[in-house]
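In the two assemblies presented below, chain A is common to both, partnered first by chain B and then by chain C.
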Partner chain A sequence: MKKLIICILALFVIKNITAQDKFFTKSGRISFDATSPKSPENIEGVNKTVTCVLDTKTGNLQMAVLMKAFEFDRALMQEHFNENYVESNKFPKTEFRGALVDGSVVNYSKDGVYPVKVKGKLTMHGQTKEVEAEGKLTVKAGKIQVQSVFSEQLADYGITIPQLVADKVAKTAKITVDCLLDPLK
Partner chain B sequence: MTKKTMTRVLIPVLILLVLGAVYLYREFNRKATSTADLAPAYALTGTQLLEAFQQDEKKANALYLGKVLAVTGMIKSQSSDSAGVQTLVIGDTASLSSVRCIMNGDPGSVTGPFSTGTMVTIKGICTGYNADDMGLGADVLLNRSVPQNLLKP
Partner chain C sequence: MRKNTLLLICLLGLSTTQIIAQETDLLKLVGEDKPQKEYVKYAFKSPRVINGHSMEFLAPGTLDFRILHRFGLVSQGFDNLFGLDQASMRMGVDFGLRRNLMFGFGRSTFKKELDGYVKYAPLQQSIGEGSFPVTIALVGGMTMNTLPWADPTIKNYFSSRLAYYFQTIIGRKISEGFTVQLSPTLVHNNLVALQTQPNDIYAVGFGGRAKVSNRVALTWDYFYVVNGIEKGINYHPLSVGVDIETGGHVFQLHVSNATGMNERAFITETTNSWSKGELRFGFNLSRVFQIAKNKKLTP
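Now for the complex of A and B:
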């Protein structure tokens, strides 16, 4: 009986340790900017519903982004984004599955800002590509903020820009990631 | 061509050009219509919506993606991000899965107060489904949401 209680307690402790290794959010932000020098206006969209999970033990980082949740200042731009560029009815989700290149540089038990590099597979518009991006992890008061700015070629994901507006939309989009992660309990 | 004929032709052409320019200007500057002013395409419970996506995501996407939905359920939690954007989470407290309603945030829009356990009908635009492949539970997301009404628990 005593052994059984110890086993149950041990399992409970292990479960809690495992859970505390993971940090997550379901309300992260990703914005993209495809403004070119000849754009008549800023081509910017923001998504406030990004799901992101970081496993501090393994360094694994996962993100899921629903394309319909990108919001634009102008309705017409949002319609064009969904219908003509990312085809969000056909490809509703963008996913990133990767890991910190050197997770050991981050001391999750000490508040601080840690420059990191992330490497993994980005699947967007039905195309998957290996990506590598630099960013920073900010550990503060038991939370982790994941921030990164990187650029991706739209053509690499099969996103074509109509000839009529070829010089009005940048061929490379600047992507800004900002996710504040809470411990998974 | 006589002057009279030219006038007869030119005036309609000018009117058409002006109307076209006005239409293009308005279309270019058009903002998204407030969800409060949109009629829901479907009215269903949070459980029904989640089940539809869990059973057949492709079919549910074809049916609900980008549509205005009126979803009824119990508020199990709520939160605000650093920019003050409020999220109401509808669903069963015993389950990790839920319908996440990102509130409109327009100035003057009704944003509460809401309390956990309250039955509510939220109108929002369905932006898709995140399956439970990260161990966080599955979610259906509604953007630009507004409360349709508040019901007694």
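Now for the complex of A and C:
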């Protein structure tokens, strides 16, 4: 009987540890920049409500981005972004499901900055594409910061730029990810 | 003891399956966000359907500079380039103050008339928790004729220059590409031209939009004038047009029997008739400027 109790207790401890393996945030930050040299104004949007979950045990990394939550300096740009380009009513969410390529290099129990590579599937505007991006993980005081800068071709996701403004919007968007993850309890 | 071990194995098995399930979808692990209340935006490309107000509001902190043209009758033929030789125009500015509050003013060449209005929506169409199916907007406006007095020898009152209008807009963006609205309107003229004409004129507007593509939409704007229509003198205004969005501009091209570009003018002074083929080309050009910091759209 004693053994059983110990076993069950151990089980709880194990469960607890597995839970500690996962880190998450619901207030991550993703911004993009599609400014071209001929753009009359900066084409930049920022989203501060990104959901990001990292499983340190498996290296799995997933993100969900609500497209309507992108904010712009100009209301009209926000309207065009939602209505004409990403069609956020039809495709409300962008998701990334992937994993660290070299997860073993990160020592989550030791503070430090670890350069990493992430590979996975990015689904945006109803189209899914395999992507690969370099970034870094910063482990500090029990939290993990996920940062990356990468570029994606808008045409790969079926986002078309009308002829009239073809040279005023960049064909490639620079995407900056910055999420500070807390342990998931 | 054997029983206990069995139980333990079962428990272990259960917990591991749980872990595996969690790994496949980490996002589910942190829970889906509750669907928040979200106001339905972009029911129209512009705060005007064609002539009448639409259920759409300008974003807070933006200014809409509008130039409106109404040309002569198409039936004038090639000599007058199908009416394009003559033009009546209105220039105006509109401001967005809040998600549901805006105002604007303008001046028309017809009767050198000034007009201004305030538009406020106590209820707006929304989805999510506590949603509401339609937008209800209220408009109060005023117009002022600034022509010299027709007869300066008699005693003229300043109030004679003024007219007022009050409107309720009930509109719904039914789908991504289709919006309809109904707008009961009262126009009060302080002074009317003929004794037979009523001072208070009631009308009901039927407006809508059907998107053709992301940047092009068909629009229609009809006002059924309940009283004060005199056969052969005035008619119900009907405009049919196309909205074209090109980057920073919205062009509203249309065909109409109305020349007026404020509520008083197009509801009470539309003197042409579709059935007689008395149509005009017209366009509204809208350019939106950001003049204050853009605020988040969702509450």
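Here is the rule we use: the second predicted complex is superposed on the first by the 182 of 185 C-alpha atoms of A that agree within 3 Å, B and C clash if a C-alpha of one lies under 4 Å from a C-alpha of the other, contacts with A are read in each partner's own complex, and residues count from 1 in each chain.
We take it that contacts are C-beta pairs under 8 Å (C-beta built on N, C-alpha and C of every residue); 3 or more make two chains touch, one makes a residue touch a chain.
Not measured: the values here are computed from a predicted model.
With both complexes brought onto chain A, simultaneous placement of chain B and chain C is prevented by a clash. Applying the stated contact rule after C-alpha superposition, one finds that A:92 touches chain B and leaves chain C untouched.
In the superposition on chain A, A:168 makes contact with chain C only, not with chain B.
In the superposition on chain A, contact is made by A:78 with both chain B and chain C. With both structures placed on the common chain, the touch criterion links A:125 to neither chain B nor chain C.
With both structures placed on the common chain, the touch criterion links A:58 to chain C but leaves chain B unconnected.
In the superposition on chain A, contact is made by A:27 with chain B only, not with chain C.
Looking at the superposed arrangement, the partner reaching more residues of chain A, out of chain B and chain C, is C.
Look at A:180: by the touch rule set out above, it reaches chain B but stays clear of chain C.
For the contact definition in use here, the residues of chain A common to its chain B contact set and its chain C contact set are 22, 24, 26, 51, 53, 62, 64, 68-69, 71, 73-76, 78, 82, 89, 184.
Residue ranges on chain B touching chain A, taken from their complex, read 27-33, 61-62, 65-66, 79, 81-83, 85, 87, 100, 102, 125-130, 134-136, 139, 141, 143-144. Partner chain C is touched in their complex by these residues of chain A: 1, 3-4, 7-8, 11, 14-15, 18, 22, 24, 26, 51, 53-55, 58, 60-64, 68-69, 71-76, 78-79, 82-84, 87, 89-90, 95, 162, 164-165, 168, 184.
Put simply, chain A touches chain B in their complex at residues 22, 24, 26-27, 29, 48-49, 51, 53, 62, 64, 66-69, 71, 73-76, 78, 82, 88-89, 92-93, 180, 184.
Contacts from chain C toward chain A in the complex involve residues 4, 7-8, 11-12, 15, 19, 22-23, 25-27, 29-30, 33, 38, 41-42, 59-62, 96, 176, 214-215, 245-248, 288, 290, 293-294, 296-298.
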